[in-house]
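Lettered A, B and C in written order, each chain numbered from 1.
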């Protein structure tokens, strides 16, 4: 209310000013204001250009550094202390294994949480508490999730720096993303579909399972993909968990130690001091990582556009 | 709900029904009897409680959390608010069709069989039988029999509404509630639904909310006139439209308000 | 009519048999799933507090709030957190010096000047910036931005806080821009159109009408940007190094709270030592910093939310 009045008052002031100006108005003033307007439009558009330009420079730089290094052999070879012989086969597998943990865990927990909050506990203090909790959890720095993973999964449950420990840590980290996306998708399911189901004598869960969830699925999947692509690039929690880089062995089960793409980038970047070629290896790995992320995001966009239903 | 009770010819016996949305009373002391194999029209200006009333008959109104209900509604002699009544079963006996066609975003086949499937009928032969009977009864079979696997949203509005009727018929209800079923349809589609209603009353009791008095006049046997949450007048449709007992009814029908 | 009775009976039997069985169980299972997020929070808080307590038992408060940080010194290690807070504040300030003005003016451009078509092209590209893993920005800062800065500033260290600060700023631009744009878009069109109708230019409307009306959302976006900068780990770990000196010289290496945590977990601080527990104490203080920032952001966007 107060603000409304303030704005109204401001408007009144502005128009009063104009009334006064009415007599002293002159064209040079207007053209000055227009010129100022154009100046700032260009200036502000430069901010956008700057941001996008930085993105372009970043991509270009990474690409330049990787040229000649991103070969088929790079993808299929394993680690080596000689840069020319090094490859990221183990890191790719490690990332894939990590996702084998992250995808089912986050999607199941995330969707279940979202259904609980949107369909069952719409009111009440517990639900409000869980909601606040998820909002705040989403803003906890990822490195702190690493500390949690280290203390709980690594030490308490004795999972060490295994795939399972890393995967569970990353799952908790990206869980809020899935929950929020799934909540939005559930909320977007029109009420008349639920009504149609209830009117057939369907129970609440039957309605959710057979009608609401299938309609919400594209939204849930989009959120899931975004969450997983966030997890793929996460480095800090894994480093804190103590994921070693020099894994020559290929992991065979979820309990094995592993390395992953971002970890590989991290250590190679640090080692640039020793050998300049490591920067090329890091860049080549980044290109692989970015291509994976780009593909996942494209899939998410395709799903969103294809199945976005307008009722 | 025993079979003998049906023979009285009374499907619903509403006794002293009150309903509140929070503090606002939407239905005030409604008393009326609804008869078997008849079309009962519920008319009145918007906000009069006619939709609320119909949604109370299959307890859909209870999906709104702030609703409070007093009085009773006897369905074949049994109070539907009784603890022993299973809402799910009540709703299979009392089907409902909504204002806006609301098929599920699934195939025509899946839409019709939604009810039978969720209620545990898995026999494929029974499925096919139900599918054909329901679609025929809803006068849709000839139009869709070659594309049962197509998505329901590919149908026209009128076809979608008939599909919703078929969906309701698939669990073999006794009563069909219709909440302004033609308000979103063009005149030709409306005509088809009205014809359908005339056929359906052979086997079902139909309670229809309508904002169109002409429609009530064309299709119903009995008409109930609601105003401000009260049942003003309830009688044979011919009587209501030719010689209403209450002044408010006459005013409404002659278009003096509403 | 033969099947008619069959179907009704089948439905009746089914409903009687299954009455509420699944429907009673499901909410309980879902509730347990929802509890995972709560347990995670409790786990984080418990872990941090539990081990921090041990740390504070070993190290006196007066030492913690000093500027001397030498955790790995064989004799007499000291744990002053101020160098880390200093590093965190500096890197965040540098980042916001980029992300604040650029993000805000980009938001003004997108919401007030750009046509629908331009906006729909530019926004997704900006969002790509936000989706790039921070490790990639770290690489970019260390192997591209730092060398360029070294040419401009001869005294710049190979590890310095300036370069990662700037790059972090670029990373945060989309966060500030998109939240500020949301805030400006929620100012009713009628108000800005009214001002335009009075003959104001778009720039005048943006600065004199929309900006003041959206100020709470804009401030909140800044605070969230800062919070993001405080918690950011990989960029500073890679490019700012691990100098524990207390300095105000942004051309030199500074360690942030986050990179201290990374250094120590990947290093070999033995379990049970003060060095090991210091991780958790730093983690706790870091968590408090970001939590306060986020609550503050929520507070200003609620407290000053415009009512129309």
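Rule of thumb we're sticking to: a residue touches a chain if its C-beta (ideal position, glycine included) is under 8 Å from a C-beta of that chain, and two chains touch if they have at least 3 such contacts.
These numbers come from a predicted model, not from an experiment.
Listed by label, the chains touching chain B and chain C alike are A. Here the two chains linked by the largest count of contacting C-beta pairs are A-C. When chain centres are taken as C-alpha averages, the shortest distance to the whole-protein C-alpha average belongs to A. Computed centre separation for the pair chain B/chain C is 54 angstrom, with centres defined by C-alpha atoms. Mean C-alpha position of chain A lies 47 Å from that of chain B.
Chain A and chain C have Cα centroids separated by 12 Å. Taken residue by residue, chain B touches two or more other chains at 88-89, 92, 119, 171, whereas all remaining positions touch fewer. The set of chain A residues touching two or more other chains comprises 201, 203, 206. Within chain C, contacts with two or more other chains are made by residues 11, 15. Chain A makes touch with chain B in their complex at residues 123, 192-193, 195-203, 206, 210-211, 214-215, 309. Chain contact summary for the complex, chain C toward chain B: residues 3-4, 6-8, 10-16, 18-19.
Looking at the complex, you find that chain A touches chain C at residues 1, 3-4, 7, 10-11, 14-15, 18, 33-34, 36-37, 40-41, 43-45, 47-48, 50-52, 54-55, 57-58, 61-62, 65, 108-109, 112-113, 115-117, 120-121, 129-130, 133-137, 139-148, 150-152, 172, 175-176, 179, 201, 203-206, 229-230, 232-236, 239-242, 262, 265-266, 269-270, 272-273, 279, 282-283, 286, 289-290, 293, 297.
Residues of chain B that touch chain A in their complex: 58, 60, 63, 65, 87-92, 95-96, 98, 100, 102-106, 114-115, 118-119, 153, 164, 167-168, 171. Of all residues in chain B, those touching chain C in their complex are 86, 88-89, 92, 116, 119-121, 126, 129-130, 133, 171-172.
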